[in-house]
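Next come two complexes built around chain A: one with chain B, the other with chain C.
On to the complex of A and B.
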């Protein structure tokens, strides 16, 4: 009974982590950017979906779409207002650009977080679930929304896989992650590829944010922990490796769920962080990292 | 006379004339204003009502002529829910803005950080919403030093009593409940609350089966509800303030079949319904006042005026902050001075009918020195329930408007 409970709960949370971390790792893989405003973009999506549905009364579906659209806009804003100016700058030496991007996106995330707290308070918000009610799965009373979350996450990740491996645009993205210089030699504009990747990232982060808002709820305080969890999943899986991140998301998700059920919800995140430290010792490139 | 000079003279005369006109139109405020500093959590729903309610009270007092011709001036500071920011704001309020008294915060950790500063800077200080017993216990322990602090809200011990009094009538006598699990967040205010619960629940006939304290950072409450369900209690007795939306929504989404009853500070806010997408339906919470509840003749007019001005009903700390401005003003009037020690002496003899009941403070010899008195005829608190998207009083009988009812997923065991 309890085993099934852990299995089901762990799956939903892991799938959500996987979705959140995939976009994060994709951007790093392709453009070498560690986007520390990730959590803020997810929270912005959830709060926008909540505000659209509860204040503007546009309905659940339209609210969810607005949430994803806001994340897409926020992703583009992050790229054009923060990342690109730093990458293009002649005054910042190339070897320092990564640290500038890191600082820039971190500050950008804090700005978004404070704006959300200012306009919508720092109390938690929850997005009205698209499907309500509960069903009995293996004797466990499971909210339908939890199943819905898991299914959407898996579908979106599958779509992403198809996009990357089966379409021309996707192959260009893949190529850029392997050898950016080679891609430009083939006559592809690297900036265009970056825009595509940031668009994919925005949509993924948006969907993850809205689903998280439906499943657990978010507040402006969630920004830091969300960025940190995506970051540790991605580092555990191997920076830039999408499949590594997927595996790491499930490892972290289940480890947290097991701890919460068997030890105490208060220590939920600790074992996963210890594992991260341990992996850093014995395999610094992460589970499936290439470097 | 050159042109520029005459122009300057003319505008100076103009300004003087306008000033005289304004002075003639508004009540005459001869002396310096009485300054009250308000330090609160502008970004949290419970805290946001504090400066708003204080301003509303000040406006009302000023409109009727002020205190002995002195205007009340509210100077507010956003503390970003941080103790460090609050201490800086307190220092600034006293040293630079020269306030005569301070109203601050609904968070116990913040108030406990400010208490020594009230002592050092010898400035009367009242909290509208923090609950920890330690606030008034420190006043008792070192009265001469800490006498500047007043606890303008119920202590955790009194809150536990209030919840138990309500639970006795509603849960034990009416619904024949026998068992409970305590679920509270890990914070300064819940430590004495839990002690109070552990003591009074068995006395009213509710056996405590389990006691779960969780981190206020918790986002997924599934394992907690799961554990609670495992011990099959009749009711969950809550002690939550920093969290509220998330456990409530997850309680509803997971259809946890056990009612929640107790302290749930966020549920005292009118916006809680929207924030939870109406998952709050059926939640029972303790309050000191509520929309439409005539605890005293002042309660309803205040709540309605507040809503007219700010668009929503005040949080619990709004009611107390509003009362505090009034009884500080009253104390200044009785003391005939804003001198800190005279003001403290006057505050100690406060007997003020506010929006939450009759406010008096425990004296020097009581263990909870300077905390507001709990009891019949003073402040008893009430139990309210979210019903049909609204907050309705269900206890005590004299203010109750409706009977307790639960959403369909709640399975009462008796």
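On to the complex of A and C.
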């Protein structure tokens, strides 16, 4: 009974983590950017969905769409206002661009977080779920919303896999992550590829944010922990490796759920952090990372 | 090194310190209190700049070093009643040990991987403090019975003196041959090693020095506040402020980091009337500086001087 509960809850959480981390790792793999405003973009999507559904009364579906649209806009704003100027800057030496992108996106994330707190307060917000009710799965009373979350996450990740491996655009993205210079030599504009990647990222982060808002609820305080969890999942899986992040998301998700159920919810994040430190020591490039 | 004492930078710094030292004679205790905190923060930022600007290590967890120093000093004083000065020294030593622990992964992993390790170190420390609430005071914080002094002027002078001495040592170190080797090993470790420099030794030294000053400053801050809490010395947000200070003031300048920290804290106070938007405005200004003046305040000023 309890085993099934852990299995089901852990799956939903892990799928959500996986979705949130996939976009993050995709951007790193293609353009070498670690986007520390990730958590802020997810929260922005959830809060937008909440505001649209609860204040403007547009309904849950439209609300969710508005949330994803806001995340998409936020992702583009991050790229054009923060990341691209730093990448193109001649005054910043190349070897320091990484830390500038980190600092810049971090500040940008704080700005988004503060704006959300200013306009919508720090209170936790729960987005109205698209499907309501409870269903019995293997003897465990499970909210339908939880199942919905898991299904949507898996579907979106499958779609992403198809997009990257089966379409021309996707193959260009894949090629850019392997050898950016080679791609430009083949006559593809690297900036266009980056824009595509940021668009994919925005949609993924938006869906993840809205689902998180329905499943657990968000507040502007969730920004830091969300970024940190995406960052650690991605590093655990190997920076830039999408399949590595998926595995890592499930490892972390289940580890957290197990600890929360069997030990105490207060210690929830500790085993995952310990595992992370351990993996860094014996395999610094992560589970499936290339060096 | 000798030529430094004739540069404009030296005279400007000297003048600033002298002016700052006379402040208690004519400003209110409120301003002094604000600047006292800003000076301790300045040391945090300078110690961070030594690691990042010179050793090339992206340390996302300056508060790990600060927190270990601060909490060690606080716990020894609050739980065992040891004297303030002994606690401060032991806090700094504990921080040095923490620095060595942090240096171990740094010698193995680089860039974002090291950054994450340091971030994890902070999160672990935070969890540890909450879990061992009996010893550490948990989320509420630890109340410390002793303080260095209750006089705002004395506290201010201690902070100013401590920052000035730290700045002199850290700046001197950064301009010395050791600093140059550090800079070389940060930028191209393979080549620096091929030239015969012991990179491991130099990096370890950088971690120890950075940790020592972070811990010392953290311990002093705790005895100034009379309390140690996660929100003031450990939280990731505090670490972010330290990093932003250093980048804002100008990385690889050491002195700029202190300027950045003072600016950040004073600006935050000036913007208090704007309420919740204060952090937004400070972050926006910092972002603009990062985008348009990547050298920071001091970097921009120095490059103008070099050009003229």
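Everything below uses one rule, namely that the second predicted complex is superposed on the first by the 291 of 291 C-alpha atoms of A that agree within 3 Å, B and C clash if a C-alpha of one lies under 4 Å from a C-alpha of the other, contacts with A are read in each partner's own complex, and residues count from 1 in each chain.
Throughout what follows, a residue touches a chain if its C-beta (ideal position, glycine included) is under 8 Å from a C-beta of that chain, and two chains touch if they have at least 3 such contacts.
No experiment lies behind these values; they were computed from the predicted model shown.
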Combined model on chain A: chain C and chain B, fit or clash: fit
Which of chain B and chain C A:183 touches, first, second, both or neither: neither
Touching partner for A:277 - first (chain B), second (chain C), both, neither: second
First, second, both or neither for A:86, with chain B first and chain C second: second
Partner chain(s) touched by A:266 [first = chain B, second = chain C, both, neither]: both
First, second, both or neither for A:216, with chain B first and chain C second: first
Touched partner set for A:118, first chain B, second chain C, both or neither: both
Partner chain(s) touched by A:134 [first = chain B, second = chain C, both, neither]: first
Minimum C-alpha spacing, chains overlaid - chain B and chain C, in Å: 5
On chain A, positions contacted by chain B and by chain C: 117-118, 266
Residue ranges of chain A in contact with chain C within the complex: 34, 82, 85-86, 89, 91-92, 95-96, 98-100, 102-104, 106-108, 110-111, 114-115, 117-118, 224, 228, 231-232, 235, 239, 266-267, 269-270, 273-274, 276-277, 280-281, 284-285
Contact set on chain A toward chain B in their complex: 2, 5, 9, 13, 53-55, 117-118, 121-129, 132-134, 141, 143, 145, 216-217, 219-222, 225, 257, 260-261, 265-266, 268
Residues on chain C engaged by chain A in the complex (per definition of touch): 52, 58, 105, 108-109, 111-113, 115-117, 119-120, 123-124, 127, 130-131, 187, 236-237, 240, 243-244, 247, 251, 276-277, 279-280, 283-284, 286-287, 290-291, 294-295
In the complex with chain A, residue positions of chain B that touch it: 43-45, 48, 81, 186, 213-215, 217-224, 226, 243-246, 249-250, 253-255, 266, 271, 274-277, 279
